[in-house]
Structure formats: C-alpha cells, structure tokens
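Input: structures, listed below.
The two complexes that follow have chain A in common; it is paired with chain B in the first and with chain C in the second.
And then the complex of A and B:
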C-alpha cells in the first residue's frame, strides 16, 4: 500500500530553490533514507511532508489524499527531532501522552498506551522522570515513543542518531530499526551520515542541491553509483579520469593520466566512448599475491609503493603510490595476518567489474 | 596560601556587603519605627512613646484613602494591560528575525532611558492634544508606558532558550498554534512573564515622576498624595502611608504564595535541557 507520495514537489524561498521537482513513493512499513550534505534540501523535504512548509508546485499525498494547505496538526505525522525536543516541564509519561491527549485519544486508554510505548522502547518505570534526568540515549527513546504513540501514518526521523556518541550510535541503530519494524512504521530518515542512511533504509535517496541524484537499495547505491557525486558521498573511492576505448563484451579500456591503462566495466546504459571518471572502492583492491585472471577475463595489475599504513583495529588502511604519482587508498580486514610496511614495493590487482564508470565531472 | 592582598580583598568585600545592607535596611527600619511614634511633635529616633495614631490618621484621611484606592486600581489595570502587551510584543520579537528587529527592541524599552519627567510632560501635552482630560485615563496610559519595558524585557529573557523545535514538536503531535503556546511556550516562559508582572505592579505603585504630571484633582496616586502632603502639612502620617504601601506589595506576594505557590507560579527555575 502506498502510504506516502511526493509528486514533482518544488519549494522556493524567494529566488532560492530548496527542493526541485522531487518525486518518490514510500510503501507501508518501508524505511526510506534521504541522504545528502547540509543544504541539499532533505530537511525542507521533511518539512514539506510534516506540513511546516507547503510546496510551491507539486503535491504531497498521504494514502492518495493531497495534503495541500493542511497544517502539521491536521496531518498524522510522527516527528523525531534531532535535538529530541522533549518538553522539559513534563515528565516522561506526560511527554509520551501529549500527542494522545491532543489527538483526543480515549482518556481511559491513555495510561495503557503510554505503558505500552515505554515498554516498546525499554523504558519501563521511567514514567515520572524529567527529560533532564535522562541520558542522551534515553531521551532519544522517549522522543521515539512520543512520536510513535499516536500511531502516525508516516514517521519522520531527523538525523536520529547524530547527537549520540559513536558507541551508542551503533547500539541504537539496530534497536531503532527493530522498534520501527515492530510497529510496522512507514518511515523517512533524513541524514547526512551515509552509515545511518544505509543501515536504516530499505531504500536510499541521495540528494544534492535540491534534486534527487539517485534512488535505490543501499547495496545498489554503493555498488553502482550513477554519478561521481553519489560515489563520493557514499563510501571512500579511488578515482581515475581518462578516455574510454575498445568496448568489447561489456569491458572497455581506460587510458588514464600518468600512462595508466586499465580495464573497466561498461555501464549498462553504454555511454558513448570519450571522457569518463572511474571509481574503484578501496576494499576491492588487493595487495600482494598476484591473482591470476581466470580464463580470458582481463585483470588490472599495477606495481606500487606503500607510502603509509594505518592499523585501525579491524581494518588496515594503506596508502599506495602507483606509477604516475597517484595515491590509492586500499583497505583490508585485519585478521592477524602480517602486513606490509611503508616503503615496500607491492603489486596491486583489481577486477574490471569493480571499476565503476560515471560521466566525467558528474 | 592566601597572600596579604587576598585577605585584604576578602575583608573589603565583607565590609562592602555590610555597608550596603545598612544603607538598605536602616532607613526602612527607622521609617517603620517612626510610624509608631506616639509623640505630638517630630522627635528623634527611636520614639519615646508608642502608638498607632499615625495609622488612625492615615485611615481616617479621605485624601490618602482616595490615593490608595486609585493606586491599587491603577496598578492592577496597568499590570494586566502591560503584561498582555509585553508578552505579545516579546513573542513577536522572538519569532521575527528580519531587518529592524534591534530597532524595535530598543523602541520597546525606550521608556526606561527617557527621563520620567520628560515622559510625564510629553504625555500631558499629548493627552491635551487628543482631547483626553480625564485624570484616571491619563494615569492608566502613563503607567502602561512606564511598566511596558519591564514586561517586554523579562518575557524576552524567559523566551530565550525555548527552542523552536519544542513548538513544532507540539504541533506535530496534534496541537494547533494556540494550544502549542499554552502547553509549551507559556509554561516555559512563565518565570519571565510573572517577574515582568510583579515589576510592573511594583513600579506602578511606586511611580511619582510621571504621575505628578497626569493627576487631576480627583485622580491622584498614593505616592503623589504623599508628596503633596509632605509640602503642605508634614507629619508622620506619611511614614504610616509608606508602611501601608509596603504592606500592600508584601501582601500581594504572600497571597500569590499561599494560593498558587510561588514555586508553581514562577516555575521551578528555568528549564534548559
């Protein structure tokens, strides 16, 4: 069931276009991440859905009903604010029941519902605490309980985890996802953090300058970015720029700066040959052992010199200089193996299918 | 290990506080003492005889009583109007962030910087120009103007730190603008609003300079009555009148405390999370 639809929504502030021709749909129970740098229009999109702003053009539809002109309290939206926005003069229970009271929920059932919500977010017995007596993570869970209590049609999360420290963020990410799926909430997560977007979202929309750059499943966005912007925004990448030539069997040859020649996967849309950027993810590059190409599939192989090694616990980050002077980032899982040191000469290999081609300068 | 100069500084600050206390408290103590003086003539402090004759004199003097009732009515009206206007103005200023915000704020508190005699005289001319000659109406107008800056300032101070997202959270949970104001903004700004109202009441009860220009023979405030009595027949009734004025202000605060509780009225401190 299509719960939310944005259809060619555009929002202008004077001459500035904050959101331009944005269209997407969200199904019941689905989690959609809106990902982008600050100022990309994701927060404005959130405000269009919640009703704090109205679109200049296009429409916002809840289950097929146009929301134009409806104030936030005339829509049934659950909002989780980045700063939680808990009412400091109310207790936890009063905070959670606020929406129920304002939306004229059956008075006798309110305490039951509040207990149910507090149990859901694992805060049983916190009813009479004040927000300033809670930790950041607890405040966030109260805010979530408050947002979900009225059983909203759409749940909007604004940077839900960014105010928490890294360790708590990892724990709460899974918990948040579990809670949202327990109530089968149709959710939109707005974030600038790609890990948050990819771990929470069933689907991810990358935005830039008010427009949608790409939409897809997290794995698809990561493995097959359509533009350099998307590739750079999601994950780390090594870049080669050059001319594409001799496309055969979905594999083309790239002649890059510094005399580097490499084989790359042709994009399905098979662009014309010419200038392109090629992205290789750091974990797809292998160091050391020469991997023999199987059959007639070509393999990219280069000599390089290790310039730096950083051991980050589970990961090794290596900086490798290749002929022509370009520095490549390579990551490896650290599972106790012996690893290379700075100054060492190595050979690096990567498959053509791990080389993603995007239009130059996109 | 404290140095000699630190010890000296400590002693200086103790002496400083002591001197200040003496200057604050002694005149009031003397005045209260003198208001119970039983002597016929103006004698020295402490009084050698005790009586309540100056209070009897005060409460049997129609001139003073009229001043007192005018002052009380005036203070209540000025406080209500100026608090309502001040809260509205502060809310608008708090939400507005365009050009001229600073200028507007300065304009709203300008009665604080303009000398009271200037305000009084200007108002007298203004009221004459627009044809208002009723003394009480003029006093109401004048007292709203002199108390307004306090209600604006204290409300603004109370609104600072109430994040916009709190109102938005209330609205996303089903409250309309009016409900969001009463459920969230008002309780959080209450400390500032009530402080403003108390200031407004106190300053209205206390004002002489502006009121002097705006009184008419049948509409005058208690402080104005005291000033004019001091010129014509100076006796200790004035001390009794001053004590009565003080008692009214204290009583107001006590009644507030008994009925709603000061804690609840001004909030348990300022909420900042």
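And then the complex of A and C:
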C-alpha cells in the first residue's frame, strides 16, 4: 500500500529553489532515507511532508489524499526532532500522552497507551521523570515514544542518531529499526550521515541542490553510483579520469592520465565512448595478492609504493603511490599482515567489474 | 596573600560605598520616621523624642487612599503592560530578518532612553484638547475633565514607560525558548493557539513574572507621571512623600510613609513570587497524577 507520495514537489523561497521536482513513494512499513549534504533540500522535504511548508508546485499525498493546505495538526505525522524537543515542563508520561490528548484519544485508554509506548522503547517506570533527568539516549526514546503514540501515518526522523555519541549510536541504530518495524511504521529518515542512511533505510535517496540524484537500495547506491557526486558522498573512492575505448563484452579500456591503462566495466546506460570518471572503492583493491586472471577475463594489475599505513583496529588503511604519482587509498581487513610504513614496493590488483564508470564531472 | 583575603579586599571599596551612601542614608530615614515633629520646623529637632505617631497617622483613610491608588494603578498597568508586550516580544524574537529584528530591538532600547518628562508632555499634548487622541473622550462618552479620563491618561503614561522595558525583558525569555517545541506540539495535533497556551505560556511564566515585577516596582516609584498627567486627581505614594518632605517639611511623616511603602512593596514582591512558584509546583503535581 502506498502510504506517502511526493509528486513533482517544488518549493521556492524567493529566487532560491530549495526543493526541485522531487517525486518518490513510500510503501507501508518501508523505511526511506533522504541523504544529502546540508542545504540539499532534505529538511525542506521533511517540512513539506509534516506540513510546516506547502509546495509551490506538485503535491504531497498521504494514502492518495492531497495534503495541500493542511496544517501540521491537521495531518497525522510523527516527527522525531534532532534535538528531541521534549517539553521540559512535563513528565515523560505527559510528553508521551500529549499527542493523544490533543487528538482526542479515548481518555480512559490514554494511560494504557502510554504504558505500551514506554514498554516499546524500554523505559518502563520512567513515567514521572522530567526530560532533564534523562540521558541523551533516554530522551531520544521518549521522543520516539511520543512520536509513535498517535499511530501516525508517516514517521519522520530528523538526523535521529547524530546527537548521540558513537557508541550509543551503534547500539541505538538496530534498536530504532526494531522499534519501527514492531509498529510497522512507514518512515522517512533525513540525514547527512551516510552510515545512518544506509543502515536504517530499505531504500536511499541521495539529494543535492534540491534535486534527487539517485534512488535505490543501500547496496545499489554504494556499488553502482550513477554520478560522481553520489559516489563521493557515499564511502571513500579512488578516481581515474580518462578516455574510454575498445568496448567489448561489457568491458572497456580506460586510458587515464600518467600513462595508466585499465579495464573497466562498461556502464549500460552510457555506451558512448569519450571522457569518463572511474571510481574504485578502497576495499576492492587487493595488495600483494597474485590473483590469476581466469581465462581471458582481463585484470588490472599495477606496481605501487606504500607511502603510509594506518591501523584502525579491524581495518588497515594504506596510501599507495602508483606510476604517474597518483595516491590510492586501499583498505584491507587486518589479519596479521605487516607492511612497512613507507617505501615498500607492492603489486596491486582489482577487477574491471569493481571499476564504476560515471560521466565526467557529474 | 590568600585568594579569600584578596577577594575581600576587592569587595571593600564597593562595600564601603554601599554602606556610606546607601545603607546609612536609609537608616537615617528609618530613624527620622520615628521622631516627633513640631509643626513649623524643617524636619525634626536634633534631640526630638521617639514616637510612633508618624506611623499611626498612615492608618487614616486619607493616607490609605494613596496606597490603594498606587497599588491599583501598579497592578493594572503592569498586567496590561505584560499582556501587550508578550506578543510584541514574541514577534520580535521570532523575526526572521535580522535587520528588522535589530531595528525593533533598537527602537525599544531607544524608547527607554526617553526622558519621562518628554513622554509625559507628549502624552498630555496627544490627549489634550488639541491632540488627535482627544476624540477618545467622545468615543467613551466621558468628559475630558472627568476622573475616569484622567486615570486613563495616567495608565497610558505608565504603559508608555513600562512596555519597552517589559518587551526587552520578555525578549530574552522567548529567545531562550526552543522554537522546535511549538513545532513538536503542532505535529502532535495541537493548533497554534493551543500550542502557545500549553507550551509557550507555561515555559514563559518565570519571564512574565520578572517582567511584571519590574513593571510593578517602576509603577510604585512613579512620580512625574501621576504628578503631570494625574492633574492632582491621581496621586501616588511618591507624590505624598514629596508633599510631606517639600511642601510642609514634615520629614518624619514623609520618612514614615516612605518606609511603609518600602515594606509593603517588598512584601508584595516576595508574596507574588512565592505564590507563582507555589502555583507552579502544584500544577506540576496535578498533572503527573
């Protein structure tokens, strides 16, 4: 069931276009992440859905009903604010029941519903506490319970984890997902943090300058970015720029600066040869391994010199200089291998299918 | 030298100044208020006997009227001032254009620099027989010389003085209020009015209280406004004190009135603060049960 639909929504502030021709749909129980740098229009999109702003063009539909002109209190949206925005003069129970009281929920059933919500977010017995007596993580749970209490059609999470410290963020990520799926909430997560977007979302939309750049499953966005912007925004990448030629069997040859020749996967959508950027993810590059190319499948292999090594616990990050002077970032799982910090000669290899071709300068 | 000693030394000049020019003169007034006054003299005699007569006098209806009048105008004008100032302060605090916000704040700060005498005569001209606001008497169907019309002008005079100050006091309170709270309330189904009533207002009570107390204190000590705009019909305790001191040179009586006023004002201010604080904690308990 299609719970939320944005259809060609455009929002302008004077001459500034905050959101331009944005369309997407969210199904019941689905989690959609809106990802982008600050000023990309994701927060305006959130305000269009919650009703604080009305679109200049296009429409916001809840289960097929146009929400045009409906104020936030005339829609049924659950909104989790980045700073939680708990009412400081009310107890936890009063905060959670606020929406129920305002929406004329059956008075006798309010305490039951509040207890249910507090149990859901694992805050049983916190009813009479004040927001300022709670930790950041607990405050967020109260805010989530408050947002979900009225059984909203759409739940909007604004940077839900960014106010928490790294360790708590890790724990809460899975819990948040479990809570949302327990109530089968149709959710939109707005964030600038790619980890947050990819870990929470069933589907991710990358936005830039008010426009949707790409939409897809997290793995698809990561493995198959359609533009240089998306590839750079999500994860780390090494870039080669050059001319494509000799496309055969879905593999083309790239002649890049510094005399580098490599085989790349030919994108389905842009068969024209010419100038392209090629992205290789750091973890797709292998160091020192002599991978035999099977049959005629081409393989990229070059010599390189290690310039720096950083141990990050589970991972090793290496900086490798290749002929022509370009520095590549390479990530390896740490399994006891040892590299010299600088100067060691290594061979590096990577598969053509791990070379993602995007239009130059996109 | 230890830090404590140094702190004490640094405080000493201020403390000496306070003692010499604030505390001792006040003690002088207290002493004077208990002295016997011989009509015709200027102030009490050097070795005049102590008496409670000056305080007993205050209980007479003629004197009590001044107190009642001062408090009536003080409470009324302060209430009107905060009711009028709150929406103004809110719109200034939430003004999106920084240029307009600065302009508005500058205007209210500038208003505070205006001499009371200038305000008073400006209002007298406005409400006087040639002023544009003269029609008000006609609209209200009262004589421009009636007591009601005079009282009205005094209230306007006080408001002219109180509104800029209470706007600036409330501005801080509202600026400290997280605007997301109102948005959270609206998303949870409360209309804008309802959100202001259940979120903005309760959270602004401390600010409203201090604005009210500042206004109230300023009203109690108002002197020029009732003197000029009150035309002798509206007189505050300050005017009474002035009359006792300057017109008949009865310093002991003037001092007694001043001390009584000070004590009543302190009791009123502490009383109001205590009542509001108590009301607040009761309300909280009521809600959580």
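Methods note: the second predicted complex is superposed on the first by the 356 of 362 C-alpha atoms of A that agree within 3 Å, B and C clash if a C-alpha of one lies under 4 Å from a C-alpha of the other, contacts with A are read in each partner's own complex, and residues count from 1 in each chain.
Note that in this section a residue touches a chain if its C-beta (ideal position, glycine included) is under 8 Å from a C-beta of that chain, and two chains touch if they have at least 3 such contacts.
It should be emphasised that the depicted structure is a prediction, and the values quoted were computed from it without experimental measurement.
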item: Clash-or-fit label for the pair chain B, chain C on chain A; value: clash
item: Chain B versus chain C as contact partner of A:131, first or second or both or neither; value: first
item: Which of chain B and chain C A:73 touches, first, second, both or neither; value: both
item: Contacts of A:103 with chain B and chain C, given as first, second, both or neither; value: both
item: First, second, both or neither for A:174, with chain B first and chain C second; value: neither
item: Contacts of A:52 with chain B and chain C, given as first, second, both or neither; value: both
item: Touching partner for A:87 - first (chain B), second (chain C), both, neither; value: both
item: Touching partner for A:146 - first (chain B), second (chain C), both, neither; value: both
item: Contacts of A:13 with chain B and chain C, given as first, second, both or neither; value: neither
item: Residues of chain A that lie at the interface with chain B and also at the interface with chain C; value: 50, 52, 71-73, 77-79, 81, 83, 85-89, 98-99, 102-103, 146-147, 150
item: Residue ranges of chain B in contact with chain A within the complex; value: 163, 165-166, 168-176, 179, 183-184, 187-188, 267, 271-273
item: Chain A partner contacts - residues on chain C that touch it in the complex; value: 178, 180-181, 183-192, 194, 199, 202-203, 284, 287-288
item: Footprint of chain C on chain A - complex, ascending; value: 50-52, 71-73, 76-79, 81, 83, 85-91, 93-94, 98-99, 102-103, 127-128, 146-147, 150
item: Chain A residues within the chain B interface of the complex; value: 50, 52, 71-73, 77-79, 81-83, 85-89, 98-99, 102-103, 131-132, 146-147, 150
